[in-house]
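The structures come next, written out as structure tokens.
Two complexes are shown next, each including subunit A; its partner changes from subunit B in the first to subunit C in the second.
On to the complex of A and B.
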């Protein structure tokens, strides 16, 4: 495996995950972002913290109450995560997260 | 049976799938929803491939702002119905097929009748509510639905086979907001030709279809990838079974 568990100086377990954004989200936030997260981090809080690096990117994904827009597609390791479950979905070491909008034009 | 002209016209592709395959194209009826950015390459490539009957539906008039991508329509067509423009071009592209161009807005009251006995629906729409309607019709009729969507330099496509694959609503349960979307013509060209390619493969029984996979095109990086998509057991349209649910049932 390319990832490995490691411990930071405080002894708490850290994990490495990969976040992939698509389409407009990618333009605003980049993609293939490798990031270390603390054990117990939830899906929503992970994406919130990454998206906040660009206010426009955050505003494209989250509404003014900080909830995912209902059309946003969330996936973890190729499996769909319901928006309703994202708050209580724990990120695990090595997860590959995908966040994308349907593109609607024709 | 094919005329000499048809045999010559299709010679370079009957080398691939034989006259049998060409016969299947000729006998097929494909419904193209939209004569805009996606509908242009889709209809042109299906016409020249020899799909025997093409129904193309659009409610709009050609506008100057369409011309960067809607390659069925020319400067001289501005102000003209897209269906009239499309019919004229497609007949010139291939006089040996039947073109039905229907000038109407696809809505809940007419979607099923418009599709009629077509063998497949190509999604060349610019909005999700109409896509969902066509998805319902595809499920009810148990015919394939060839989805495509574009924005800017990005696009997506997938082939939906009711009863076998996730439906459009399994993959995209909620519509994104409507907008005047930015787009370059090449994105419509890339995704539209992927859709046409799927139709030709489906009808001729060639290759592997883009089923259970969402093709994602990133034109900024010139990078294509795909993600696996699955049925949603609680899907409003198909209940994850690919068959009509009561909630998704049409009038």
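On to the complex of A and C.
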């Protein structure tokens, strides 16, 4: 919607998304991170840039080639995203992104 | 009742409600903080998603096993040794369905509901490792 559009100084559209890390990832990287991203940002690049703020947090989620470890679980608005699709999944304004390790409830 | 909450529950009251017309068996699963040389356990959930997943599991168990009633209460926050973590109450006409339904629910929770446990000891804390098999970001 045009009235939701925000533009930065260069005139490019910006969006706000929320990133939630859980368990060990939360301890290393924080949670409920509100961040502005440029239109067209992909899931993987968004998480990479946030995770790089703490080398230990980054190393918990990404392998030495910069790919998500296979055990990492990704969600967008409560729905799983396949790791293989994450670098071609475009982030949309208002998205809630979640990244977490294997679950251990029960 | 499907809930993720810090408070404990009255299991006796849940059993009373589970005795719907036609009930021949009620099975209660009560997962407890075990004394593995820990001081406490800390539980964390992605609450909105975990609640949805629990509702889905309860619905599927009801359909598959013809259950008459299902309660799933998963606690979060700090729990001491001996405290209840997870209470599942199911009722059915006969015991095979009640046992099978209860078993199905706990196994499905272990597989994919976004809840995590951290064991707290005198020397610090340790996250309980989940089953890596369900990672890979694949939708269930």
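Quick notes
Definition applied: the second predicted complex is superposed on the first by the 98 of 106 C-alpha atoms of A that agree within 3 Å, B and C clash if a C-alpha of one lies under 4 Å from a C-alpha of the other, contacts with A are read in each partner's own complex, and residues count from 1 in each chain.
Assume contacts are C-beta pairs under 8 Å (C-beta built on N, C-alpha and C of every residue); 3 or more make two chains touch, one makes a residue touch a chain.
Values in this document were obtained by computation on a predicted structure and should not be read as measured data.
For the composite obtained by superposing both complexes on subunit A, the positions of subunit B and subunit C are in clash. Judged by the touch definition given at the top, the superposed model places A:86 against subunit C, while subunit B stays out of reach. In the superposition on chain A, contact of A:18 is made with neither subunit B nor subunit C. By the touch criterion defined above, A:74 lies against subunit C but remains apart from subunit B after alignment on the C-alpha atoms of chain A. When the two complexes are superposed, the chain touching more residues of subunit A, out of subunit B and subunit C, is C. In the superposition on chain A, A:98 contacts both subunit B and subunit C. In the superposition on the C-alpha atoms of chain A, the part of subunit A touched by subunit B in one complex and by subunit C in the other spans residues 22-24, 26, 69-71, 73, 75, 78-80, 98, 100-106. Listing the residues of subunit C that touch subunit A in their complex gives 31, 43-46, 48-50, 52, 74, 85-86, 106, 109-118, 127-132, 134-140. Taken in their complex, subunit B has these residues touching subunit A: 34, 36-39, 123-128, 148-152, 154-156, 171-172, 174-179, 181, 183, 188, 216, 218, 220, 227-228, 230, 232.
Contacts from subunit A toward subunit B in the complex involve residues 22-24, 26-27, 69-71, 73, 75, 78-80, 98, 100-106.
Contact residues of subunit A toward subunit C in the complex are 20, 22-24, 26, 68-75, 78-86, 98, 100-106.
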